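The data blocks that follow each hold one structure.
Next come two complexes, and both contain chain A; in the first it sits with chain B, in the second with chain C.
The block that comes next holds the complex of A and B.
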């Protein structure tokens, strides 16, 4: 079976390489090791979303039982999204769990993830904090997501206000990532964030 | 993979069959639409040979003397064409949807999706509670997949025995909810509270309901229609009986 997993991954790899998405630079895939069990994917943030202009890197682990069981996929690039953990990058997507079908491929998985970025599902969250912000303070969510895209995925939108707040916390000796995470969680309220960090 | 066969059936010298097959691969590898290239190849034998001009052969009927020159360049050509063959294989219409290779022991589901039987079997084993087609998520069943026998498939032993004629693609949603409270065709079960006449009434009303036709079961037998008529008369009789009973209850 392991043999089948490898031969299928090889085919899928070719399929992605020949697909038109690669021409449009919207998805990418590369090998991590020679045994074809671990790959690295990359998806572009879809247009008209806060993730536009960003490149998000994914870790793809292919189980021995592939394609009968789904690949294990996780975001390496940090991202602010209701269905993706802002801490671990774990993804909540049905096709990567119960709704996996053996006819799905790496290409369809990457495209599904791109679709997930465009259509968040806050009622079935992976990151409850992000989902709450998405539902409660949507404008702030957009700003935070754009800021994260800029900070981690090379997105175009900068927010001097956010940067200055992060700098303030950094001056207090806080790690930049931690500062960003806490501020995002506390809706960019510096006082609350400080309280949260030092209490 | 019917294309090579078709080309081979042209009246070319026998030794050239290898070449023509390669030529067919070349054509398939090109950007031309499949149907068009097939027609071209079929219309004129010389067309086929000219596409393989890299072998330094001039088109037309191949004289045997020139076949030798093919062999000298054959090795190189073979390598090129292996690549082409591979590529055309990747785009094949007859690839298993699970292993993505040409389907071995091919079976097709009722929804029309092709698999290797070992692949599909493994998939069904992986999801014993949720047997759905990996492509369209239609509900599938081991007993309802159809094996496909190509002309040259050596193994004829059926993974599952019966082979009904291949039907048109039909899509059914996965079963959800509770099964009907009924036992097959023609028998319904009722739950109810009430005295005898009311019970009778409910049953007669139920019998009046038209039963959905059972596909396949009575097809081909003529008694289906008469049966239905008999039932309707019977149900009407019971209904009248029920009314009489009610009237009797009211006026007595």
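The block that comes next holds the complex of A and C.
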């Protein structure tokens, strides 16, 4: 069983390495240990999205029963997206759950995740706060997502306003990540964020 | 030994078409005199149900498939998938088949249209010249180690085996396993599964899964809800009816609960839910406590003084327990509580009063319901003591047939208890009207008669004068039986003529 999982992963690894996406640097994959059960993936934020220019690292765990059960994938890089938890990086994607098919590969998983970044589904959210912002205050969502891409994934867009608000909270002794998360959640309303943190 | 004989007799009755459990142990002609009882008997005879073993269920599946195939003449595995999609309703399947678009029909059922099969097969043959790569394990294999469904997605045999095993064992899928290819929803038929899966345990599990889904989606079948019972009951039409399983369990076919005449499934379900969840706990809190008018903390009064001081350290509000307004104006002359009629306090009290009376009402019915349930459990112990008594009596010059009245009496006692228990559920949801008062009188009568019978069997049975006991017990159980059927008949008449109004 495990044998099949390992031989599959080896093959898929080669497949990804040979694929044209690698050449274009849009996806990447590397080994974490020698047992082939844990891998590290990386996808580039798709163009014309708030994630453009960012590099997102993924944790991929291959179960014993692979490929008959899906790999367990989660974002290590923090990301602001309705279908991805801003806290844990857990992903809500059908092919990683019920719609997994044995004939799918790591390459298709990575490409599907890239597609998910380009086309969020706020009606089926993993992170309700983000989904609400996406539906209710889309401009603010774009700004927040770009800011997070800049802060965690090396994206190009900076927002001095956001940075200064985070700095204000940092001055009060708040951890930078916590400050960013609370401000994002409270639609960058410094007063509400402070209230939320100190009440 | 005696009771064993009796059981054998019952079993013989059960193995054919069972009508109702009542007729297995009748040994006296009294029932003929009771029109209601006779009518019920007749009614029950109409309802020909069968208790099936697992093998008989499998056999029954085959019969249905063959039956439909007399008309459609499709391969058996395909027929099975189709029937499963239509919840084993042949009429619906045939109607759909002859009614609409055949292509659509097979597509909706996730089956490749068997009439288009031939060209597909040819196409496969031509491409099957050299080694193929299995998309799951990526191994290059000769064509004979590859296989696939009619959808032409081919994988190697060992991958298929693993795939099916995972689906069956880990995910518990039976008839609804689809092709392993991504996005392909064509279903895997049972013949293919049995061909590909060699492991006996997995095969058994698969068989269980498809049998189970057959019973669960078939409206005319229901598993016996009794613990560890593997029988299913098959009925001619689905309705709330008393059915007796071969394991001895008696239940309602429609809802699977213990047989609950006179209350209907819907109300019983509501009742069980009400008893199970905590709604009554919160009712108790609402009825026996008040909230501090200022900080809303819940307070239970534990002393006589009506001058309340809220224990919440941030509140410490002083108020009057009776009128719920501030204590200040009450002063020393509390009994002239001048705020007594104030509207706001009054409405608060009214609301509380209402909750209290609804709680009292619920508890009234619940206590009686539980009480009969409890008694019924004890009554089951009675069988043992009665059996002993019967043996004893036989040593005192009474024949076997002469002492059977005792067992019959306990049977009737249990049946009356069960009926009484459910009359309280019925009564709880019943609105008061003239008919409901008649019902309550019937209930009262049956209840007191049942209690007397119970008393005879528990205590007076020990007395020495056997002939006397026999007379007393027989008279009483006949009376109970009669009252029970009168009560049920009255309720059913009410159902038929819409007498009953409900509170919810």
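Keep in mind that, in the parts below, the second predicted complex is superposed on the first by the 199 of 199 C-alpha atoms of A that agree within 3 Å, B and C clash if a C-alpha of one lies under 4 Å from a C-alpha of the other, contacts with A are read in each partner's own complex, and residues count from 1 in each chain.
Quick note on the criterion: contacts are C-beta pairs under 8 Å (C-beta built on N, C-alpha and C of every residue); 3 or more make two chains touch, one makes a residue touch a chain.
Everything numeric in this text was worked out from a predicted model, so none of it was measured.
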item	value
Room on chain A for both chain B and chain C (clash or fit)	clash
Partner chain(s) touched by A:4 [first = chain B, second = chain C, both, neither]	both
Partner chain(s) touched by A:103 [first = chain B, second = chain C, both, neither]	both
Chain B versus chain C as contact partner of A:68, first or second or both or neither	both
Partner chain(s) touched by A:88 [first = chain B, second = chain C, both, neither]	neither
Of chain C and chain B, partner touching more chain A residues	B
Segment of chain C that clashes with chain B, given the candidates 27-35, 135-143 or 225-233	135-143
Set of chain A residues, in rising order, touched by both chain B and chain C	1, 4, 7-8, 11, 65, 67-69, 101-104
Residue ranges of chain A touching chain C (in the complex, touch as defined)	1, 4, 7-8, 11, 65, 67-69, 101-104, 108
Chain C - residues contacting chain A, complex	135-138, 153, 155, 159, 162-163, 166-167, 170, 180-184
For the chain A and chain B complex, residues of the former touching the latter	1, 4, 7-8, 11-12, 14-15, 65, 67-69, 98, 101-105
Chain B residues within the chain A interface of the complex	90, 97-101, 113, 119, 122-123, 126, 130, 132-135, 137
